[in-house]
Every structure is written in C-alpha cells, then in structure tokens.
Amino acid sequence: MFSPVILITAILNGLLTGAVYALVALGLTLIYGVLHIINFAHGALLSMALFGAFFAFRLLGLDPYLAALFLAPALFAFGYALQRFIIGPASHGDDRNILLVTLGVSVVIENVLLYAFRADTRTIDVPYAFQTLDLGFTFLPIPRVIGFGAVLAVAVALWALMTWTDLGKAIRAVAKEKLGAELAGIDVAHVYAVTFGLGTACVAIAACLLIPTYYVNPTVGEAFVLIAFTIVVLGGMGSVPGALIGGLLIGVVESLSGLFLGESLGQIGIFLIFIMVLLVRPTGLFGVKA
Amino acid sequence: MTGVRPILAVVIALAAVPLITDSNTVLNFLVVTLLIALAGQGWNVLGGYGGQYSFGHAAFFGTGAYVTAILQVRYNANAWVGFAAGIAGGAAVGAFIGALTFRVGLRGSYFALVTLAFAEVLRIIASVAPITGAGVGILVKLDLRAAALQFESRAMFYWFILALVAVALMIAHAIERSRFGTWLIAVRENEDAAKALGVNAPRVKLGAMVLSAAITAAAGCFYVQYFLFIDSGIAYGTRLSIEALLTPIIGGAGTVFGPLLGALVVQALGEGAKLIAGDAPGLNLIVYGAVLVLVIAFAPRGLIRLVDDANRWLSRSAKLESAHG
Amino acid sequence: MAEPLLSVDHVSCRFGGLLAVNSASLTVPAASITALIGPNGAGKTTLFAIISGFQRPSGGVVRYQGDTITGLPPHELAWRGIARTFQIVQLFAGLSVRENILVGAHLRHPKRSDALAAADIVGREVGLGAMLDRSADTLTVASRKRLELARALATEPKLLLLDEVLAGLNPAEIRDIAPIIRNLCARGISILMIEHVMQAVMSLSQHVFVLAEGCVIAEGTPTEVAANHEVVEAYLGHGAAKKLGGAHAH
C-alpha cells in the first residue's frame, strides 16, 4: 500500500504537528486542572492569536517567532482580564453557567474577528516556510521542527514555574484544594486569572508556531479546539503529561488517517476517537476524576 | 406552572397577526422567529427541564432537514411524508446519541462536548457525502402547492410554523404536569436523590433527548420547506446549535414560554444590530454571545423569571398598600 | 426464626488500595429498628451505598426479601421497597417542599393528583404540613431532615436506610423527630440507621451492629454493645476500656 518511507514520514510529521496540538491542549488542561472548567473559548483565543501573529507580520514585519515574545504576554493579559472580570463574575461559580459564559465569550471573540476581518483565509510568507530538514531517507519541514523544539521548551518552562516558584506552588495548591488555599491566604481569584492567562499564553505561542505553515481565518480556532479537547480528554483532564503525550498521539493519528482517508475525512478520525474516549474512559489515560 | 389558557391566548393572539398586517418584512421576521423558537423549544426539553446542556442540537435540526430534502429531491417522496420522516430521523439520531452517552453516565461539560463533537462529525460527513450534495447542498424544487408543503402566501407558512410551535408549547405544558416531567426535573435538580426515589435516570434522560431531538428536527424540516435549500453549514453548523440553546436560556429555561420569548428577543436584537451596524457576517452572533454572557451574569434564570418576579413584587406591594391604606 | 428482611453477607469494598468495608455481615429483621454505629471512617456510609445500589461491592452478597439484590441500580431497589436518606441532605433545592415529596410519591402513584394527595399526607405525617408550599432551600436544618425523611417515606418502602438523620439537630429537635421514627417501625417499616447520637441509638434501636475499620466488631442489644470493651476501644482508643475500668467492667 504505502511504502515504509511514506508511513514513517507521515508519523514524523504527525509528531511534529502533534507537538503544537499538545501546546494548545496544554493550555486547556492547565485551565481545567486549576479552575475545573472546560474553556470553550479556547479556540476563539487561538484564532485571535493567529490574527495577532498575522498582523504582527504584515504590519510590523515581525517574524512570528519574534512576535511570540510580544503576543504571549499580551494574550496572557487578555486571558487574565477575561477570567478575572468576565468569566469569574458572570458565572457566580455555577458549573452550568460557566459552560454557557465561556461559550458566549467564544462566540463573541470569533465573530468579532469575522466581522472585522471577514472570512477570507490569509497566509503569510516567511522565507523558511518551505525549507526542509534533510534526514537522509526523508525531509521534514523546518518550521515544524522548530515548533517541536519550542513546545518542549515551553513545557519545561511551565514545569519549572510550577515546581520552583511561589506562584507555581500557589497554583498547585488552588488546584488541589481551593478552600484550603483560600484559608491559607492565597488570592484564589488572582490565581484563577493567572492560570487562565497562562493557558491563553500557551495558545499565543502555539499560534506563532503554526502560522508559518498554516492559514488564518476566524473559524480555524474552532477546528483546533475540538482537536485540543480530544487530546485533553484522551490524555486526561488536568494532566500535563497527558496533554503532551495525547497531543503527539493525536498528531500521528491525524497524519495517518489523512494518509488513508484523505484530508477532510481525516478530521473525522479525531472526533470519533474523542467520542469513544468520552464514552469508554472519560478520565483519559492519565486523568484526574472529573 | 403554566395553564392551558395562557397558551391558547398567546397562540390566538399570534395567529391574528397576518389578519392585521400583510407586510412581508413583519411576517418573515416572525416566521424566522418562530422557527428559532421551535428549535429552542426542542432544546428546552432536554436542557431546560432536564438540565442536560447540549451544544450540538444542530445534529437534530440538520438531520431533519436533510432527511426531508433527500426524500423529496432524490426519491420524489411527498413533502408531508418527508416532514414526518425528518422528525423520525432526528429522533433516531437523538436516541442514538442519548443511548450512548446516558448509559455511560456522561453529564455536564462532558455531555456538552460530546454533543458538539457529534454535530461536527455530521457536518463533515454532510460536506463531503454525495447524497447530501457535498459542498453544494440540496435545492428543493419550487412547487407552490399545499400537497408539497409549500405555500404561495407567507401567511400560510406563518400559520404552519405557529401550529408547530403551539404543539411544542402544549408538549411543554404536558411535561410540567406528568410523572415523566416531574422525574426529569428531579434528575436535573439532583440526580442521585432522584435515583434513590425510584427514578430511572438514564431512561428518563433518553426519553427527554428523543423528544427534544424530534422537536428540533421539525424545525429543520420546516426550514427546508420555507427556504428550499440546505447545506452542511446551515444544517449542522454551530450557529443553529447556539440559537437553539440561546433562546431558552435568555427567555427562561425550563418554562413553557421561555424559548418563545427568547426567540423574540434574540431576533429583535439581531435585526436591531443590522439596522445600526449594517448587514455584516458575524454581527448577529456577536450580539447573541454578548447577550448570553449578560443574561447569565444578571438574569441567569431567564427573562421570564424576571417578569414573574416583577409581577410578584408588584402584587405584594399592592397588597401592602391596600392593607395600610 | 423468620428470614430477615435484609441480609448483608460478607460484603467487601475496595477502593484502589483502601479496603473500606472488610467482609461485613449484618441482618435486619422485619418491622424493627437496627442501628449501625462506629467511629468516623469505619465504612458505614460505604456499606449503605452498597445496600442502596450506589456502590458495587468487590465481594459478598446482599439479600432482600430472599432475593439477591447485589449490584442492582438504586431506582430498581426503590421499586422493591428500599429507600434511603443521605448523610448530607440532597434536596431538590429549586422545588417546593410539596414538589420534593411529590417525586417520591410518584413512584407508586403515576397520576399527578394521586401523587400530590399522597405527598400531602406524608408531609403532614412528618410535621411539615405548614411548610408544604415553601421553597425547599428556605428550610432550617431540622426541617430539611424531615423533608429527606418524607421524600423517602413517600416511596412507601419496607426498608428505610437512614444515614445520620439526627446529625446537626439539637436535643429538642431530636426529641421531636424520634417518635416519628418509632412510629414508622410500628407501621411495619424496618429501619437501618447509621447514627452517632448515642442516646438515640440506645432508646430507638432494638439491635446494634458496630463497624470499625470496615469490619463488624460487635453486635447485640444496645446495652450489650455499650458494655463491650472492643467497642469502647474502637471509639476512644486503645486502652480506654481499661482506663474507664469501673464504669464498664462487669
């Protein structure tokens, strides 16, 4: 059917794309692990970040990898404000309300993008977009290889933050036992907002990694977020290793099903996995009980 | 609890509208409003009374629409038969999804996610499958006869959708008064307590899902008859899923009139936005999303409860005044 | 001897590494009040969860009216006549008192009018007659407990599992609710109650089982159990029985 070289290339490409998926999923699982909410606005935030990276390139001539240095803090601030001043207060702590509020936020963000920038698909041209890494038996796209490395760096940075800084300890405390953390003097609303901001920053970095080889339009985020949900559910809600491993796995699955089933049906493979995981083992491979 | 008389009053009042005006704009506005209201009434059964929030109700709307469109266009079926088949098809999809998810005990966010995923899967399939017309969609031939469920006068369409909405109102009324409804509400309020009192929660939820799907599917079937066109984006896209949940949430989930009131508000806001800022893509949904957040923040039980509370407050102050007067 | 209404036969329940219930056995005769006591964390509520179908045991059999009911879902058990209350009151907060009881009444009365009438009767029986129209979330703790009880009673059970129904009540409230419980027994309903309020255990129950660290360590009449050294040690710690010496030794 397909030669081993084609298969291996598909798998390797899958791993590279999967890494970026994993970064998006990482943000989602971080938010779930601490706030215990499923952030339906995650995809819209990714769309927003993609547009940000796009305009940084078009208007300011900023290379996406450089733009990440500005976009990440900017989106961190946005995510912080979103949670602190809109999502948190509006939902009055009720689970069902939080669902609806994040959905509402997602709809607003996505459609503001649609209204402002129309539905046209845009791409950017960076000189290294089509450069490849020669592995001897196959070639790998350079942007994707860079992306893989960047994701690993971010994962390590996050781990360092969580383990060694006071902020990280506060976040872990709130994730484990909110009431106790509050009693210990931790400002839970602040921690929630910071975590949400971190999740959004992950998305911003992911957008910068994606944009050299991907396209931008208001609904791209939506497609990504379902993939991110699949990863988070597969890897386990709230589990960082789960998001990383799940991301790589899903990247490979998408690559392989794209190979066998063609572009559009390849997406279905992911959703079917998603549905099956939810039905069979909702806590995922490494997850904490919901 | 809503009695039959208010329902009759509202339906009769609405039915009189075409007798007062023959403005196409007004009638079209109302037809679309009732269409969304019907979709929302379907959502309300599962989400409002049952407390299970589906984010993918388009799965049922789209199935109803496609089944009737395909039967009419590819198999020359009678439009009324197609309509009934569409409702049955939507109900079947509801039964399938419900059987899978409720037996496993999926609730809350997970349930919302799964319904979202199912709708997406259907959308992707419909966008490539030949039978649904793939990317092009399906056009139903213009055939202005009652037998083909198409009417020359917009008023006839209006009365038809109004009849469907009236049926849905009566269904909601019946739910509120039946054992099934009491059990459904109990499951919503506290599933474990309900189970301990003898309620077969998965079965009750499944029943609600099937009924909910059937009603929303009817809205899909009507869409096809009125607009004579359907494609994967309209059928299974997120816009319908959002409208279906928005109207009951804004109007008042778990009430008889909630979805209808919500639909009026949503449509009015949409038209208002169009007047102010022009007809640009995405504008409607920006307003919908913002209103959703605002309603949850300030009137989480919906506008109808606000009206209710206002009524009660007014009658109480009136009583106080007469007592002291 | 008549077959007991409920018999729990060497039931165990393991959660990962923790053995919450360790081969526990108990019986509940018909028309009686049996108490299940023991220190916190002994596994009493887990045992209740197993009996009422909310938890699957990892071993053992539960028999009710001669039939094996292990692993049956809660609603099925309710149909067969087993009702339970919850340690943390699980009300339908958004509904009125009457509507709460209505849910239970509907089990035996499909028609709404019949069920409403039955709900009213049960509501008055537990002393909530004046509050039937109030919203459940406006009730005091004592009234909430009564509502929990009323709801379970409305299902017309033969076996009623009460999980710390007296917790959070002051002595006056306990004095008021005790006769209601005794009355139920007189009507032929069997009661298995988890309780920490010892005075209630002593005065209400005819038979007591003591659970500690998942095992049944003693059983007998209330007086027998109170005098049991192991029971005292389980509650007060090792050596406590000796220290208390004179008061309990005989």
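Here the chain labels run A, B and C in written order, and each chain numbers its own residues starting at 1.
Quick note on the criterion: a residue touches a chain if its C-beta (ideal position, glycine included) is under 8 Å from a C-beta of that chain, and two chains touch if they have at least 3 such contacts.
Just so it is clear, the structure is predicted and the values come from calculations on it, not from any experiment.
Trainee: Based on which chains touch which, is the overall arrangement a line, ring, star, complete graph, or other?
Mentor: Contact map by chain: line.
Trainee: Based on mean C-alpha positions, which chain is nearest the centroid of every protein C-alpha shown?
Mentor: If we average C-alpha coordinates per chain, B lands closest to the whole-structure average.
Trainee: Could you find the chain whose CA centre sits the greatest distance from that of chain C?
Mentor: Checked the centroid distances; the maximum from chain C is A.
Trainee: In whole angstrom, what separates the CA-based centres of chain A and chain B?
Mentor: From the centre of chain A to the centre of chain B is 32 Å.
Trainee: Cα centroid separation between chain A and chain C, in whole Å?
Mentor: 49
Trainee: When the centre of a chain is set as the mean of its C-alpha atoms, what distance in Å lies between chain B and chain C?
Mentor: Whole-Å distance between the two chain centres: 44.
Trainee: Can you tell me which positions in chain C touch chain B when the two form their complex?
Mentor: 52, 54, 73-75, 78-79, 83-84, 86, 90-95, 99, 102-104, 106-107, 110-112, 115, 151-152, 154-155
Trainee: Looking at the complex, which residues from chain B come into contact with chain A?
Mentor: 51, 53, 55, 100-101, 104, 106, 108-110, 112-114, 116-118, 120-121, 124-125, 127-128, 238, 242, 245, 249, 280-286, 288-293, 296-297, 300
Trainee: Please name which positions on chain A make contact with chain B in the complex.
Mentor: Residues 37-38, 40, 86, 89-92, 94-97, 99-101, 103-108, 110-115, 118-119, 218, 222, 226, 229, 233, 264-265, 267-268, 271-272, 274-275, 278-280, 282, 290 of chain A touch chain B in their complex.
Trainee: Please output the residues of chain B touching chain C within their complex, sorted ascending.
Mentor: 177-179, 182-183, 185-186, 189-190, 192-201
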